[in-house]
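Letters A, B, C and D mark the chains in the order given here, with residues in each chain numbered from 1 onward.
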Amino acid sequence: MADTPIRLGMVGGGSGAFIGAVHRIAARIDGHYDLQAGALSSTPERAMASAEELGLARAYGSYQDMAEAEAAREDGIEAVSIVTPNHAHADAAIAFLERGIHVICDKPLTATMQDAERLAAAAEASDALFVLTHNYTGYPMIRQAREMIARGDLGHLRLVQVEYVQDWMTGEAEGKQAEWRVDPERSGAGGSTGDIGTHAFNLASFVSGLTLQSLAADLDAFVPGRVLDDNAHVMMRFEGGAKGMLWCSQVAPGNENGLRLRIYGDKGGIEWAQEDPNYLWFTPHGEPKRLLTRNGAGATPGNTAFSRTPGGHPEGYLEGFANIYTEAAQAILARRRGEAVPEGLLYPGIADGLAGMRFIDACVRSSRSDAAWTAL
Amino acid sequence: MADTPIRLGMVGGGSGAFIGAVHRIAARIDGHYDLQAGALSSTPERAMASAEELGLARAYGSYQDMAEAEAAREDGIEAVSIVTPNHAHADAAIAFLERGIHVICDKPLTATMQDAERLAAAAEASDALFVLTHNYTGYPMIRQAREMIARGDLGHLRLVQVEYVQDWMTGEAEGKQAEWRVDPERSGAGGSTGDIGTHAFNLASFVSGLTLQSLAADLDAFVPGRVLDDNAHVMMRFEGGAKGMLWCSQVAPGNENGLRLRIYGDKGGIEWAQEDPNYLWFTPHGEPKRLLTRNGAGATPGNTAFSRTPGGHPEGYLEGFANIYTEAAQAILARRRGEAVPEGLLYPGIADGLAGMRFIDACVRSSRSDAAWTAL
Amino acid sequence: MADTPIRLGMVGGGSGAFIGAVHRIAARIDGHYDLQAGALSSTPERAMASAEELGLARAYGSYQDMAEAEAAREDGIEAVSIVTPNHAHADAAIAFLERGIHVICDKPLTATMQDAERLAAAAEASDALFVLTHNYTGYPMIRQAREMIARGDLGHLRLVQVEYVQDWMTGEAEGKQAEWRVDPERSGAGGSTGDIGTHAFNLASFVSGLTLQSLAADLDAFVPGRVLDDNAHVMMRFEGGAKGMLWCSQVAPGNENGLRLRIYGDKGGIEWAQEDPNYLWFTPHGEPKRLLTRNGAGATPGNTAFSRTPGGHPEGYLEGFANIYTEAAQAILARRRGEAVPEGLLYPGIADGLAGMRFIDACVRSSRSDAAWTAL
Amino acid sequence: MADTPIRLGMVGGGSGAFIGAVHRIAARIDGHYDLQAGALSSTPERAMASAEELGLARAYGSYQDMAEAEAAREDGIEAVSIVTPNHAHADAAIAFLERGIHVICDKPLTATMQDAERLAAAAEASDALFVLTHNYTGYPMIRQAREMIARGDLGHLRLVQVEYVQDWMTGEAEGKQAEWRVDPERSGAGGSTGDIGTHAFNLASFVSGLTLQSLAADLDAFVPGRVLDDNAHVMMRFEGGAKGMLWCSQVAPGNENGLRLRIYGDKGGIEWAQEDPNYLWFTPHGEPKRLLTRNGAGATPGNTAFSRTPGGHPEGYLEGFANIYTEAAQAILARRRGEAVPEGLLYPGIADGLAGMRFIDACVRSSRSDAAWTAL
C-alpha cells in the first residue's frame, strides 16, 4: 500500500526566485510530497500573492506564523523546505525543528558560523530530521563514483581536483539572484566560496571520502566595487596525504555552471562534469579509458537506484535534486511509520552544513593571511 | 489564481512498464495533473495490484470499465494517458474520446493503418483533444532549432540527416520491454521503424518543417529468427527538393539512445544529439561554429519558454516529455475554462500520428519492393 | 646501415596546389625520399618557376620530357608522385610505369573507366610499383580498427555507416582547388562521389574487409548550375549480408573535413572520426565504451607501428599520409635491394583504384536509374 | 630562388631516445634542414652506432669533438640541436655558441640555475642564435589565442588556469625516458615541474602576455622512494593583478599528455587542450561559445601562417614542433644571407629559458617553505 504524500511547507521561494521553483519541482518528481503551505516571501503581501499564484492550500505572511499554525494542526505540514537567502536559514529552520517539523534547507547552511552552530544545536536537540540540499550528491554517476572509490577501484587516493566555474557575475551583479549574493549581510563572509565553493568542497568530500585537513586560499573580487569574493584559488591537504586544488569562480566567460571533479589514486582515475552528468570517465591505470553512463553497462547499485530511465535517456539537474528529496522522503516516511530511518541514506545533513561553513571560514581567514595554510 | 490540477487517468503502465512510469513523472513535473484513476494492466488482478502500489484513488480492471465509470462521475478524470503496447492504443483511445475525455497517447499511433484511420475518425468526431507523445519535440533546443529554421537562419534547406540508434536488441529480445516490440501482433508491421524510426521521422519533420514526399527503404532483421525489422536504411525526398537519410537501428553496440538530427541549408547548418540535449550546434556558412545552449546566450523564445532552469543546469528526457504534457495541460485547461485552445501550442496530434503510420507503412512497402521509391 | 633516400620526382603540384604540397611533406616526414625532379604544372613556364621556387635539382616543362630524361639518367628518379587533376593521372602514370619508374598517384585513379582500365593494364605490365594515396588508411587508429575487426572483436559484421562531409562548396566553386573539381572534363563523372565518396568507400572497405556487392545512390547537384554531384546518398549491400549507408557532401555548412566511420557486428561496435584521428571508440556489446588512443593502452601492432610519438602527442593528416609514403618506401627499397616486397604492407594500389572507379560509376548509373540497385 | 637547407648537427638523440627523433622529424617537415653530423650518445661507441643507423654523413664520439671539427670545416654545420638530458645542455650549447654555431636546445634550459646563467652569458656573448624548443608555442591555435588576447578580444585579463597532466609515472619509473627524469643529478631540482611544469608556465606566459610575479607551490613525490616531485599545485599572481593556478602531474591515471590552458578576461574567455590542438574555444562574454579551428573560419594571421593544410585536416604535435624549427630557420637563413633576423618571429629563446628555470626554482623554494609566496 502506497504511503500518502508528505505534507510539505516552504519558506522563501516566491515569485522570481530560482531555487524555490527548483525545490518544488524536485519535491514533485517522484510524487512523495504535497506542497500545502508557504511563507514564500519576507514581505507578507508578496508572500500571500505568491501562495495564491501557486495555489497553496494555506498561505502565511511569515515563517513564524506558519510554524506555529502548522504545528497546531492535526493535518499540518510534516516537513518544510527553507529556500531563503543564507542569512534567514537559521531562524526559520530552528522554528520548525523546535516544533518537530522536519527541515529541508538550501545551502550553505547559514551566513555566519554563529548561526551555523546555533542551528546545529537546534538540530541535535530536535527529533526532527535536517536535510541540506547539496543536490549534486544526488546525481547517479556521483553515487557510482563514490561507490567505486569506496570499493577500491582507484586504489589509494592521491589527488582531488575540483572546480565550480560560472560566468554570470563577470559584470555588475544585476537581478534578484545576483544582488543578495554580493551582499555580506545576506550572503555571509563568502561570495563565490559560499555560493558554489561549498558545493565543490562538499562534492569532493562526498565522492572521495577524504577529510580536508587544511587549505591555502587566495580570494579575489575582480569586479570593481564588489565586496565578496567572485573567484577563489584553493590548495588542499587531506588527512592521509592526498592533495588537491579547488577553483571556484563566477567571472569566467564561457562557463555556465561548470562543476567538475577529478580524482586520482595509484590504481586509477575518474572524471565527471556536472553539465554532462550522465557520463563518468574511468581509467584503470594502464588500460583504456571507459565512458560509464547513467544506468548503463557497468552501473553500480547507487547509479541504478537513483535512475528513473534506461541509459541514453538523459536525466539532469532536477532529477539529481529530486534524488535528495526522495532520500529525505524515505527517512521522513520511516519516522511517520514509527520506524528507524533506513540505513544507507546519503542525503547531506547538519554535519555537512557545518563542514561547509568551516570551509568558507577557512578560505576567508587563509586569504586574509596571504593564503597561509589554515586548518578547518 | 492557480488552476486546480487536471484529473488524470492511465491505461497501461503497470508494474515493470518503462513508459508508463515516464508518463507519470512527466505529468507530475510541472504540477498540472493529478493521477487519480487507472486500468494499468490487461489482466484485472495485476491492474488492481499496480493501482494499489501507486496509491491511485480509483482502480479498474479494464479500460472499458474505467471509461464508463469515470465518464459517469462528476469528478471523473478529464484526461487519460494511454501507454499500452501499440495494438491496444486505438480501442482504448476511442473509448475515452467518445466520452469526451481528452487522450494523451504514446507513439506510434497504432499497430495497423486500419486502426490508425479508425482512431483518426474518432478523434475528429470528438470534442476532446488528442495528444501524441512524440516527446523529443519537447526539448528546448529542438524548439530553438525549429524557430531558427523557420526564421531563415539556415536559408533554403537542402539536407536532412536523422538517425536513431540503439543497441539493446543486439542479441535475443528479453524482458517485458523487448518482447512485445518484436511481436507483429502487438507492435505492428514495423519493428525498429515503428518503435524509433517514427520518432526520427517526426523529429525531422517537426524541426525542418519539410513534408516527406517519398522514400526508399532497406529493412533488415539481423537477429536470427526475428520477424520485425531491427535496422532500417532510408533515403528520403522532401517536397521542394530537399533530400535526406534516415537510419534507425536497435542492433548497433555502443549506442544507448542515439537520436541525432542534422539539417543543412544554403546559409547554415545545425546539429543536435538527444543524449546531449542541452546543446545545439549552429554554423552560419563561412563562420565559426557556435555551441548554443539551453536557456543560454542566443536562446530563442521557444528555448527559454520550455526551460525551467538557467543554462548549465542540464534538463533531460523527462523534462522534454513534461513539456509535451504541459502544452497539453494549457490546451485542456483552456477547454475547462470554456476558452479556445491557445495559439502556438506545438504538441503532436492525430495528424502527426497518421504521418508516422504512413512512414512505417511506406518503409515496409518500399523494402518489400527492393527499396523502390514509395510515396507516403 | 641506413638506406639512402629514394630519388623522387613529381608531376603536378605547382604553386598554389594543395595536394602537391601535402605529398611533398608526406615524403619528407620519415626521411625516405629526396625530391629531385619535377614537371609541376601543365604549362612549361609555370612548371619551371615552381621548380625553382622549390629548389628542385631538375625541372621539366612536361611529364613526357621528365619521364624520358629521368629514365635515361643513371641517377634518375626511382619513383614519381602524380598529383595533377584526375584526368591527367593515367597518361602520366603510364609514361613512368612503362619506364620502370614506381608511381605514387593521388586518388581517384582517373577521370574515366577507360583510363582506369588502361592504367591498370600498364600497371600490370610493368615491374614498377603502383601506389594510390588513399591516405586515410594510413591513420594508426584505422590500422587498429582493421586489426580488431580481423581478429573478431566485433563478431560477425552487420552494419557499416560511413560519411564524408564538407562545406567548402556550399556556394559557387571558387579558386584553384574548387574549379577543376566541378568540371567533368577534369574531374570525371563523379563530383563529391569522386573527390571524397571514393575515400569513404575505400576506408569502409579497408577497415571492414567487406566487399561491396551493390548500391542504390541518389546524387544531387544542389548549387544552381553545377553539373557534377555535390551530395550523394548511398545505400549499400555487402557480400555476406552486411548493410550500410554512405553519405558524402560538399554542401553541409559546419563540416570542414568530416570523414566518419562506424562499424557494428554482433559482438561490438567501433566509431572513428578523421578530424579527431587519435581516438577510436570501441564498445564490446554489453560493456562500457572504451576510448582507445593512438599508441595508448590497448594499442594493436598496426597502431604502434605507424605512430611516431607516445599517446597524447597528436599525430594528424600529414603523418597518416606519410605512413602511406613510408610503406611505399619499404616496398621500393626492397626492390632496389633486389628483394621481394615485404609481406604485410597495406598501401592501396591499382585494385583499390579500380574499385573506387567502379564505385563512382555505379553511383552515377544508379542515380540515373532513380537509385536502382546497381552491382559494382 | 630557394635557399639550400641549413646544415644541422645533433647532440644526444641516439637509439631509443624519444625527443631526438621528434627533433629530427620537426627539422624535416618543412625541408629547411639537412641533418649531417651527430654526437648522438654520451658513450662514443653508441654515438657511432646511432649515427650509422641514421645514415649521418659525419659521426662524432663527443660533442667536443664535433664542435671543434665542424667549426673547422668550410661546409660544417650551421646549427646544432641539443637533445640530451637536462644536465648536459649547458656545456654542449656553450661549446657551439662559442664557435658561432646556432643552437636549438630542448627544454628546460639546464639542470641548475648556475648552468642556466652560464649558458645565458654565453648566448649573449655569441653572435649565434639560441632557440629553446618550447614546442607548444608553435601550435596554430596557440598563435591565434595569443593574437586574440593581444588585440583585446578578452578584455582585461583576470584569470589564467593551466595544467599539464600525465599518468606515465603513476608507478615506478621504468625505461630510458623515465629514469633520468627522476634523478636530480640529470634532471635538476624539479621533477614534474621541470619536465612539464615549465611547458605549462611557458605556454601560459606566451599566450597571455602576462608576467608572473610570485607563486605559492605545494610539491609532492607520491611514488614511494621518488626524490623529485611528480605532482605540483601552484597558485600564481601576475603583474597587473591577474591570478592563476597551475597543476602539473605525472601520476594522474587517464591523462596521456593533458596540457590545457584557459584564460579569462572581463570581455571573454578562451580554452585550449593540447590533445585536441586544432580547436580553440572562444566565448565573448554574453554570447554563444565559438569553436575556432586551425585554418578555419575566423582564423587570425598567425593561425593561417603556421598551418600547412585547410581546416579539418588535423595537424598535431610534430607540426607544432616543426613550426619552431621553421621560425628558427627563417632567422638562421637571414643570418646566412647577412640580413637582420626578420621581425615578428616568436620562437622561444634564452630569456624564456631563464624564466623557466626561475619558475622551477621558485616552485622548489616555495614548497620547502610550506608554500609561502615566492617571487620569481
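Please note the rule applied: a residue touches a chain if its C-beta (ideal position, glycine included) is under 8 Å from a C-beta of that chain, and two chains touch if they have at least 3 such contacts.
All values reported here derive from a predicted model rather than from experimental measurement.
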Touching both subunit C and subunit D (chains): A, B
Far-end chain from subunit C, centres as C-alpha averages: A
Averaged-CA centre spacing for the pair subunit D and subunit A, given as whole angstrom: 43
Approximate Å spacing (C-alpha centroids) for the pair subunit A, subunit B: 34
Between subunit A and subunit C, centroid-to-centroid distance (C-alpha), Å: 55
Contacts with 2+ other chains: residues of subunit A: 255, 282, 286, 289, 293, 296
Complex contacts: residues of subunit C adjacent to subunit D: 1-4, 18, 21-22, 24-25, 28-31, 52-55, 166, 168, 255-258, 274-278, 293, 296, 308-319
Parts of subunit D lying in touch with subunit A, wherever the complex brings them together: 158-159, 161, 167, 170-171, 216, 218, 220, 222, 231, 233, 235, 237, 243-245, 247, 249, 251-255, 262, 264-271, 281-286, 289, 370-371, 373
Complex interface listing, subunit C residues touching subunit A: 282, 286-293, 296-298
